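Both complexes shown next keep subunit A, but they swap its partner, so subunit B is in the first and subunit C is in the second.
Take a look at the complex of A and B:
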């Protein structure tokens, strides 16, 4: 099903965060012609780790080893939670499809399995997650066994301190050592930036000089951890070269956002969509969206973020809102309350601003405003003021949906990928295509 | 006119012309354009040119020259490709002028020898003289019209002396036509001839001949009654056949002068009294001599320079030309220097380059014609002779420098120049000279001081300053807080910036990172960014803008800050500051 006109598509996905990327991928995989509108920059805040569901219930901060068991509990206790609307079979299929596509685009993940993994963060805390890039996966093993291990950092790289990690974990991990080295070629630099180191390490010479600097520091270490700067486009090659050069497993520790794994994820997702013929307008936003009830098409009026490109129109038979909450600017908050930014759809929200937040900012149960979002029907269609779907083929996915607090539940990627999959099944059904189910 | 005066004036003009030519040609070896030209001695340049000529003559390239002479010089192929109308006008002028020169001006040494019985008052010469003169007038009119029609909206590059030359040419033609018209209508001329060939000036005796000449040759006898009796005309015809027909055909074929003669008829007696025949002749001839003597210094000089430029191009092109079958010789600085000097002389200011210039819209926007090629060429010439940098002309020099550094080197002027000048090479050389004269590219003069030093001099100058609504027209992004208010200082711009990545030592690297620039703008400290190396070293790769999670137009802002810096820092910059 390809639109006859160059500006007509089966599906228009608005938003280029994790949910928008997943929706565009799944649309393409279902044989639907697709245009994606939105700046993918928000993905740079991603860590490259794919959470599914780590914490439930939020108020108890209970961590789960099995995300699927957690999902089952969630479905029982919070049936309105978007993830409660997707069955486990679909979630498995969605994640497999997503990481397979990423691997084909050059970003390989460790086999997903059925369990959450534990991972070291750049400040020495431990994070529970589900999908882990291959370059980081050795870190999950050493965290469990805690063998002698060396953490290396670079002088001038502000966002990563091996000493801090060692200080936090040293008491429970006696074999954990840390060393600071000069990054080859940047000896005088007052400040280093992760992405530049990552690119520099793609040259064989810098790589070899770095390995040579670390080699004498190895001692009895059975694994070496680095900040996540081991290559960008050729990350696999850099990681392999480090392991071969040092002779022990090497793992990356995700750094503070915006990070190199975020850049890798963004470029892999972009490559993945390009390879599938998804049209991308990543320097544009949707200025206006209108629906023609008769023709059954939506008209999207675009504007470039640099201005000047105003007035361009594209047409789609189905529209997927993946515009996110407040940081993605899918929702707009003002003194009167919260509204959806493009169409002004009604937003499920606390009754008044006083009710947005708990008295205590760090209240374990989270804040009501963090569960605000769009109400949907069973077919993932946001509801209009009348309580019926706003338009027969307007769908919503990802964090713009109500009744979830993805940050505290550790379910951001899961929410994005699972809802995109389920909603795209409905899109395909409505457009008469094949549901991948 | 006495032969002595004529001869003296002619030889004086020829000597002046020859001296002028020698002086102008010597300029091709003397004038220095470009830093590389300054390093070459005069003798080296002379030698290089002669070596080049010898090498060309000894090579296969020599066979290119005849073809180029016909196609480029005679048929003006390059002008034809540009504009058919002006090509036609030019052709009319060239053909008309050449034939008029040979047949009329040089009649004694050319026409008489080729055609027996030549008399200026016989057909077809009578007709042809008018035809050639008219061709020139029409051709000049077409050239002027073509120039006017393709005007760029900015003043055109011109020299007063060129306008004076066109006026002189018109003056020669007009006096020529007037002289001829007056002689047709003049009774005095009739009686002078009658005395010479019939032996009488008696009006009554000559009555039949006068009747004929009045009715068919346009002589305006004041005392002849009209209508003229046909039998008188008939009688006159016999006398005419014996005494006059040998040298005279009816002047109606002089299709310009004859109607003019009829217009002059009522005053021809008066004109005879004031001896118009003498002073018109003097004006006509001396205007020609003036044109000849001043030839090396007027537009007319292109008769010499343009063919040389075109033939040199054909024999030794500077760069690959389409369809060229043999390798391009690499030119030494010595030859290049001479060709640049030649280019300054060979430009005819036709303005075709201005018309094709890809930054012409920018020139209009800035109101600075100095961006246009024909103006740049004039500025380059002024730079070479030192007049551009004379005290009191700073504004002109700055305009020229702005133009030179905004040129994008697209090469369209070079590819369209009807004289085949390598203008792109000339601009490169001129920029080198400008930089050496203390007028370097903005990136150079801005970066000669540190960002902080600039900010301090701004403070001392027109007062402390933050971008405000008043700047909205020139700096719409920097003056609008919404542009960068969303910045969360996430460093993504810095992380993806190849310029930051490349600058690893703090001495030559960027002083601010992109996100710091955004932050300074946010804090209202925009002046601190204007002279910063980040702003000026920005490669405009747009990675920052494409990656910014908040959709901030980082790269567009950098470009805008550069434009703003030229404007604001230029105002507090002390001229001639060496960088």
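Take a look at the complex of A and C:
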């Protein structure tokens, strides 16, 4: 279905966060030619964990062991939630497809299964998530069984204190110990950066010196946790070397962004799309988007991020908005209200700014502004001012959609991956192909 | 229950704002023993929630010449005696098209009569120096306004008082008075931290509780008339002017923009409120300030704001006007003698600029009652610099850090460049006074959390830092992070649009999305994953079968 011209595509995906990456992948897997516009900056804030659905209802702070049971409850109780529009079969297929593609690009996840998993965070809270990188998965087992365990940190890595995690959980986990070591080659440095450490650990020598420093500290530990800095592109090799050298399971603990697992995810996703022939314009943004009803094509006018390289035009038969919320720039807010940034599409939103946010940051109900977003029809098409689809082949996926609060529901990746999958079914259908779902 | 422990002293001061700490210093310099009890922390009330203006007095020349002259005289004293807390920025009074031209015409002679220098400035010259001024500016006068750091002023006043023997009890709330005839025999104080009760027997008691002075008086059985006026201010992301910029018109909403280090502070509003609980800025107040202040400084209409804050002005007397502006901004000293008490004084009202004078007047009364004849020394004694109190100054942390080349000294707050050694110095100073410092205490005494991230990142780094040093134990870190972020949230909430809304979203993605702080009680009770019993279904169809 590739277009005749070099600048024409079946699908243009606007946005390169988790939803944009998933949409481009699924387009390519369906044999559609695809261009993706936007930088992957928001993925730098990713933890590497793939949430599906952890909490429902948000106001009750109810955690679920089975994300699929939670999804069923969500579909019954909040039919407007985007995840309520995707059937469980599609969600399973979408996640499997996504992690399979990541594995092929060198980033391995533990088998997904049917259950949420629990993981330690760097401040000592416990995170409920679904898809866990192999490098972190040993942490879920030790958190359940709480055997003697050693947490190691590096002096200078400011956002990660093994002492903090051990102290926070100490009462319910007496065998949890912590040790601080100097990172080999960086002794005395006041500040260490996770990405630098990850790169350094890809050299055999630094790895061996680190393992040698930890070895004598092991004691009776049956597992060892580190901040998530065990390698970048060669993370699998680094992790395996640590386990072999220490003789016990080794797990990474996600750190504050910008995190190494986020970097790994970004580079794996980029590799995955390149391997599938997706054209990427990661230094560009969409300045204007126009639709030609007669020809049935959309024209995207691009501009360079830094203002240069302007004037490029591309054409697409379908357009997927995966531009995210305020951080991703998909939504824009001023004092008067919220609008969609590219087309000015109507945004479902609270009546006044006073209603946007609760008085307490952690109010269990969450903030109303986080449920603002685009309304869609059954085919994932955002509605225009008339209440009808803004354009017959304009679709919206991911966090820009209304009626969800991914941060409180712990469903960010699920929202991205599942809605991208379901919308791409509709794209394929509209373009005359076959849907996979 | 154990009987409360007893402390005896000459003077008990209630309230740790600018007046209370100035009183502690005043008494200490006169050799009078004193204890200061503060229900929260230094400058937790209006003393820490104002614009940090050292008034030239020009604001009051039309309505209250006595107050204007008082400001001028006190401003001069503070510039000499507490120079380290002051940036002598100078100030402009600016009228724009539509403002009352008669007020503009009268202004210089009113200033002259109050002894305040007010020099007419050529409009083009003023706009060259302060390009943010509106093109519609019709008059500019230069006055000797300055900016003052009220936190540093109070912290250093208290530090000197303590070096001379005064005691500070933070987080200690007055819960009752024991009266005996015309005397207060003892004051009952509850320590918020340990829940421990104290009885303090003092020969004299000074109520310097600011907006809370009425409540303290009621507890003592000696009511006073007071009203409350809420004022809200906004903090911009960038500094828009070097000088104080005042609107040249009768006092009204949003008529001042203060320079505050790397930011500007814009305000204020004035709304009568009946209660002191839960004072916080609203979105309506933010809208009003932006709209009104932008008439004088148009860039404020599109500026990014990182925070708002609100305080309550204690006004003495009663007012009919709904905004409380008609009530005097002067201060009042009550001796309570007509209420049958001879060892209680209440000093309230007033403003930041006159806090030293307020303390002097109250201390004079108390000393007369005590038979102490030593005169007030604060007008002639320079306020000593205290190293651990200097970290509230914007721009100081980066200077110190740069000078040390950051050797062995990690930055914990990247927005404001506050280093590990800075927070360690603050921690050590609090610790040596027997306190258990919290993240919020560190925030009050430094720039941590004051930048664009509003604590999202630096609260996490600072907590990790304290754990690794062994200063934090058990699971308190999570609560401290939650408290710190929650306190910053109160201020952010009213200005969350544009870029700062994206910043807040990032904060929630980290603190809720990843850390799940809103669920923290759930895990600790071991009730997570409450749908246990859902059977493990077989895995979904294997991947790789999804080609179109």
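Here is the rule we go by: the second predicted complex is superposed on the first by the 435 of 437 C-alpha atoms of A that agree within 3 Å, B and C clash if a C-alpha of one lies under 4 Å from a C-alpha of the other, contacts with A are read in each partner's own complex, and residues count from 1 in each chain.
Please note the rule applied: contacts are C-beta pairs under 8 Å (C-beta built on N, C-alpha and C of every residue); 3 or more make two chains touch, one makes a residue touch a chain.
Quick caveat: nothing in here was measured; it's all calculated off a predicted structure.
Set side by side, subunit B and subunit C differ in how many residues of subunit A they touch, and the one touching more is C. Looking at the shared chain after the overlay, A:31 reaches subunit C, while subunit B stays out of its contact range. Of the two partner chains, subunit B and subunit C are each touched by A:45.
In the superposition on chain A, A:213 makes contact with neither subunit B nor subunit C.
Contacts of A:188 after superposition: both subunit B and subunit C are touched.
With both structures placed on the common chain, the touch criterion links A:283 to subunit B but leaves subunit C unconnected.
In the superposition on chain A, contact is made by A:62 with subunit C only, not with subunit B.
Of the two partner chains placed by superposition, only subunit B is touched by A:258; subunit C is not.
When the shared chain is aligned, subunit B comes close enough to touch A:199, but subunit C does not.
Legend: residue contacts after superposition of the two complexes on their common chain; A:80 is shown touching neither subunit B nor subunit C.
The contact surfaces that subunit B and subunit C form on subunit A in the two complexes overlap at residues 45, 188, 190, 257. Note for the complex: subunit A touches subunit C at residues 29-32, 45, 47, 49, 51, 55, 61-66, 68-70, 89, 92-93, 95-97, 99-100, 111-116, 118, 121-128, 153, 155-156, 158-161, 163-164, 167-172, 180, 188, 190-191, 254, 256-257, 325-327, 329, 332-335, 352-354, 356-357, 359-362, 364, 367, 369-370, 406-408, 410, 412, 428, 433-436. Contacts from subunit A toward subunit B in the complex involve residues 39, 41-45, 185-186, 188-190, 193-196, 199-200, 257-258, 263, 266, 282-283, 285, 305-306.
Residues of subunit B touching subunit A in their complex: 490-492, 494-496, 500-501, 504-506, 509, 513, 545-551, 553, 556. Taken together, the subunit C residues at the contact with subunit A in this complex read 280, 282-284, 286-287, 290, 406-412, 420, 457, 460-461, 463-465, 467-468, 470, 472-475, 477-478, 481-482, 485-486, 489-490, 493, 496-498, 501-502, 504-506, 508-520, 522-523, 526-532, 534, 536-544, 546-548.
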